[in-house]
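Below are two complexes that have chain A in common, paired first with chain B and then with chain C.
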Partner chain A sequence: MLTLHVEVPYGSFRKSYARSLAETYPLPPPATVYGMLLSLVGEGFRRRHAGVRLSLAFSGSYRDGSRRHSPFPRVAQTLRKLSRYKYGEASKQSKQGNRPDYIETLCDIAFLCWVDSAQETNPEPRLEMRLREALETPETITRYGVLSLGLSDDAVNDICLVQEPTGDWHRLKPSQEGSLELPVWVDHVGSRHTRWQRYELEREPVTPTEPPLEAYWTVIRPPA
Partner chain B sequence: MTTHYLYATILTGEAVAANNRGDNLGNTTTLQKVFHQDDVHTSISAEAIRFALRHHFQLAGLPVNRRYDGDRLIYADEKRTYWGSRTPFIDDDLMGFMDAAAAQAERDDEEAEPGSTAKSGKKKKGTVTKRTSPLAVGRAVSLRPYRGELSFNCVSGVKEKGKLSLYNAEMHTTEYQYSIALNLNDVLDKQNIGHLIDALIEPPPVAGNHARFYYDFSPASIVFRVTSTHASRIQNCFEHDEEGRTYTVARLIRRVASGDIPAEELIIGGELSHTDEGKKLKELGVTVLDGIRKAADEARRRIARRDKAFAVLAEGR
Partner chain C sequence: MGQRTTGYQLPNPLVYELGNPNFTVYHRAALGGLAATIEAWKKNPRLKPEGIAAEVDAGKVEIWWDKELSDRQFIRRLLEASFRLTPDRLIDLPGHGIETDRDGLRLAIHTGLCGTFLQHNKMRPGEKTPRTLKVQVEGEEQEYLLTYKAVNSYAHQKAQGTGLLGDDDQAPLPPVALIPQSVVPGAMTGASELEGPPEEVLLLLYLMVGSAVFLLRSYRHESRAQYCLVIPDVKNLKSFARNLRQIAARGANFLTNGYPGRIAGGAEEAALRFLLALEAGNLTEEFGRSVSGCLAVAMGKVAWDRNQINRSLVVRLGAEYPEIEVFRAALQHFGKGRLLTSARGEAFPASPNPLPELIAANLAAERHWCADFIQRCQEKKDFEQLTFQKGGLAAMTKAIKDEDDQAIIAIFHEAWRMTMGALSERAQREGSDFTALVERERERTRNAILRAKTAEALAGWFLRFCADATKGAALAGMKRNAARVREFIFNPRNFERFQNLLLFALVSYMGREDNLSEGGIDA
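Moving on, here comes the complex of A and B:
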């Protein structure tokens, strides 16, 4: 198991059923975080590390040390040119596809991500090992593009290994009764294979001194 | 193969920004706004900056696929049928493209190679002609929080009934900072790395403002990082100093002093070099130069030294 600290100034994670108003999930979904980790190690096959477990906790303070008003990142609403159609609809895309529309953006995203490869189903190297290599000896990694969380312009500002987390962190807990529904696997064409999981973000922050308990893990598992 | 990156954070000079393509609600034109450290800041989109960089390439006489003639966009080859058969247009090379049609099933395998056209297999996958952009451009964020500057304006000259133009505009007197990141390996024509650096230090006007305000988006200070590390750690490294009504890079200094950012990977140019904090960074081993152009040339030289693939940049300007 390893612990990562991730910092992303701005990110937008468009809700699966958002249309004109590009609403964002209130937190980066586990599926997106997993995609970012694959990108970091230069992996192009999405199922390569199926079975890996992730656990997330979001920062309770800003980088200047001041306390956040809420455990959730603030949401800004701006206009930008959006594509109004997903893949396909070529004739509509060219004539009506792009127009200014509102988009929501999460601001000052900072979180801890625990990665546990013990239950990965494919042969080694495991994601944990590859992440450690990418961060400790970055010159050994071949990857394309810029490391981003979600949209390609929303670059990751910092990602590093953490030995012992300090500060206040709000843990994201899988919970059937939770108010958040976040995708853990996304079908980018339709929604048939998209899988969601319910969560709650704990209001009381903690300083995590121990690895997450069983109840806090999310398994990244593609559809059968 | 080692992946090399160029990262940069740019701080503009202070000027009045207005009318930056926000929504028009009645007679109020809004500035776009985001949050930064729990405060409201105005913002200019990454798309606006990308457009200006493209326009710089066009104005510099470089071969571009998408031209802007003041009224509309004109493509030399909108479908990129030329791709792979000749030297890429600089805007396609740096900015990427995507033309997707009628995908009908999820792609489980590796994404198509940049610029390739997916072949029909057992599943009907549709066609995607795309190139992932090696360049990421972050939104510009005002250095100073927005405190509600407004101006009320009306048409000048003789007033004619029914032809009055009254409007209320939000303005912001501030510097802007924004960051770019470029995967150097992914740039096919390595000369284009140099052209991008030129565009960063001499950009045309960036969006909004139209004829009412001119906002110079060229750097007053610039921080480059040439590295193989996969995240820059220099985004938004300028912070507003409320008391001094100026800026500070205290966090950047801490990160260099702690070794989180190797001093030898940073190049700083422009006004920051004349400040006490600029001198402190120099003491820590950072290359601190008094000019933006000097910093840009040093970035070129550093990139050229990293791998023989980039040697073409050593020839300089």
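Moving on, here comes the complex of A and C:
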């Protein structure tokens, strides 16, 4: 198991049914975090590390140390040009395909991500090992592009290994009755294979000195 | 689009569980709508579809049907019993439990649905000439003549655009059904259509029943939102179904009842109105709270698209806010929607009082409840209007829970009462008009509060105002809360809050003579 600290100044995680007004999930979904980790190690096959377990905890304080007003990142709504790609024909697409729309963006995202590869279903190397290699000896990794969390605009500002987390963190706990639904596998084409899981973000922050308990893990598993 | 060659069979019985991890808030609201529809069949058995039986409990809906029925026949019968039309060609959703003589509420919902879920003409073919309907508003003798577009049928009756129903009822279901915008507003067709398993898409058709629709008339001119959909995060199906019926029940004093009850200032106000109405239903219930929050989706015209009603704002609201009682008081006094009549005799919804909208927007954004109150006081005309609403403002003052806010307002009221006493004495001594003196003093005070640009300047003015009122002695409220008040007023972070509170205190002051003339603060 390893622990990563990730900082992303802004990011938009569009909900599956939001094709007008790009409404965002209130937190980066586990499916997106998994995608970012694959990008970090230069892996192009989404199912390569199926079975890996992730656990997330979101920062309870700002960079200056002051406590956050809410455990959830602030949401900004902006007006941006959005490619709709719905017309198919090149001429129509170029004229009508790119229009403005409201986009929600999460601001100042900082989280801890625990990665546990013990239950991965594919042969080695495990994601855990590859992440360690990518962060400790990045020159040995073949990958391209700026590392981003979700959309390519939403670049990661900092990602590093953490030995012992310090500070206040709100843990994200899978819960059958949780008020948050976050995708754990996304179908980018038609949403048919998108799979969600319900979560609760703990209101009281903690300093996680121990590895997450069983109840806090999310298994990344593609739909059958 | 997905593969259509292989057939798909619905499981019989069909079981929908609220705790399904793959259900979004839309699914849970839709499940609430389905539960409400099934409960309505129990109340009115003649609506129940033949060959279909269903049960609802707090966390689950189970439906089973005769083996002789094909899947498509089952879906057709289910939808026919769930999505109906009245003889006046208004949309009739049995799940809402609206009685036949409650045309005002039904018409508001019909108008809202035609502007949101069914905004495209093809989703609700109907008559070209608008019809009119006379609507009686509770508490008013006058009848209002409202126009509407009568519909001959609508998309949900035949699962239009989903692929669930076709010409041949014996044909197998497609393995994948489509989710058009008429099912989930905002689910527009992109590079490919949104898809889902047939039973999930069938469930999503009931989102129209489970969500509440409001007509928006916002005072914020930049906002062109015309409608608001409130999508509840249902957590108890049985209780939700009952509450939904209670909202529509005749004579119930709910804030979402009747045509005016569905006119709101903003999306946040609409959502809080709906949540409060559901909560009011719970007071007589043995069940727990039926929803844990909601999603408010404002829809209206946007500058870059003249054809469609687009989503323009999405707000998430919880079920609990510390100062929700302030909003409740504002709603009770100022929240009643109004209808105006045009020269041609047709009625239309008027903009409601902006206070409930302001407070709801503040609560939803986790701002101080009184934030931006200053905007209602900057124009003299708006400010003077506020001074005529003392009854409601005093009720709001009583509902405040925050101790800092209570202390500031109480001290200001105490000082203002003494200032008025001094003005009264002066009026008697000089033989001048007391009311005119008070008006002048109020205007002077408003300008002083508005002109303060820093926390220090405002705190200085406030202390001077209190000292002038008491002629140097200390106010009782100030004595009791000296440390609290000092800490509050000199903290620069509280500047805007302090300014808003002082303006609120200025307009909400209610003397003995106001009490008498307005029939007390609860008037």
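Following the convention adopted for this analysis, the second predicted complex is superposed on the first by the 213 of 224 C-alpha atoms of A that agree within 3 Å, B and C clash if a C-alpha of one lies under 4 Å from a C-alpha of the other, contacts with A are read in each partner's own complex, and residues count from 1 in each chain.
In this text, contacts are C-beta pairs under 8 Å (C-beta built on N, C-alpha and C of every residue); 3 or more make two chains touch, one makes a residue touch a chain.
No experiment lies behind these values; they were computed from the predicted model shown.
Asks: Going by the contact rule set out at the top, does A:Glu181 touch chain B (first), chain C (second), both, or neither?
Replies: It touches chain C, and chain B stays clear.
Asks: Quick check on the superposed pair: does A:His69 touch chain B, chain C, both, or neither? Answer first, second, both or neither.
Replies: In the superposed model, A:His69 contacts both chain B and chain C.
Asks: For A:Glu104, is the partner it touches chain B (first), chain C (second), both, or none of the two (neither)?
Replies: second
Asks: Between chain B and chain C, which one contacts more residues of chain A in the superposed model?
Replies: With both complexes superposed on chain A, more residues of chain A are touched by B.
Asks: Go through the superposed model and pick first if A:Val146 touches only chain B, second if only chain C, both, or neither.
Replies: A:Val146: touches chain B, not chain C.
Asks: Should A:Ser191 be classified as contacting the first partner (chain B), the second (chain C), both, or neither?
Replies: After superposing on A, A:Ser191 lies in contact with chain C but is clear of chain B.
Asks: Is A:Arg19 in contact with chain B, with chain C, with both, or with neither (first, second, both, neither)?
Replies: second
Asks: Check chain A for residues that touch chain B in one structure and chain C in the other, and list them.
Replies: Common to the two interfaces on chain A: residues 69, 100, 102, 189-190, 192.
Asks: Write out the stretch or stretches of chain C touching chain A in their complex.
Replies: Chain C reaches chain A through residues 2, 19, 21-26, 176, 179, 184, 186-197, 233, 235, 292-293, 302, 304-305, 308, 310-314, 316, 366.
Asks: Hey, which residues of chain A end up touching chain B in the complex?
Replies: Listed in rising order, the residues of chain A that touch chain B are 9-10, 40, 42, 44-47, 62-64, 66, 68-69, 74, 76, 78-81, 87-88, 90, 93, 100, 102, 105, 107-108, 134-135, 138-148, 152-160, 187-190, 192-193.
Asks: How about chain B: which of its residues touch chain A in the complex?
Replies: Checking each residue of chain B against chain A gives 1-3, 5, 21-23, 32-38, 43, 45-47, 100-111, 114, 126, 128, 132-139, 141, 179, 181-183, 185-186, 227-236, 239, 251, 260.
Asks: With touch defined as at the start, can you tell me which chain A residues reach chain C in the complex?
Replies: 15-21, 23, 26, 69-70, 77, 84-86, 99-102, 104, 176-177, 179, 181, 189-192, 195-198
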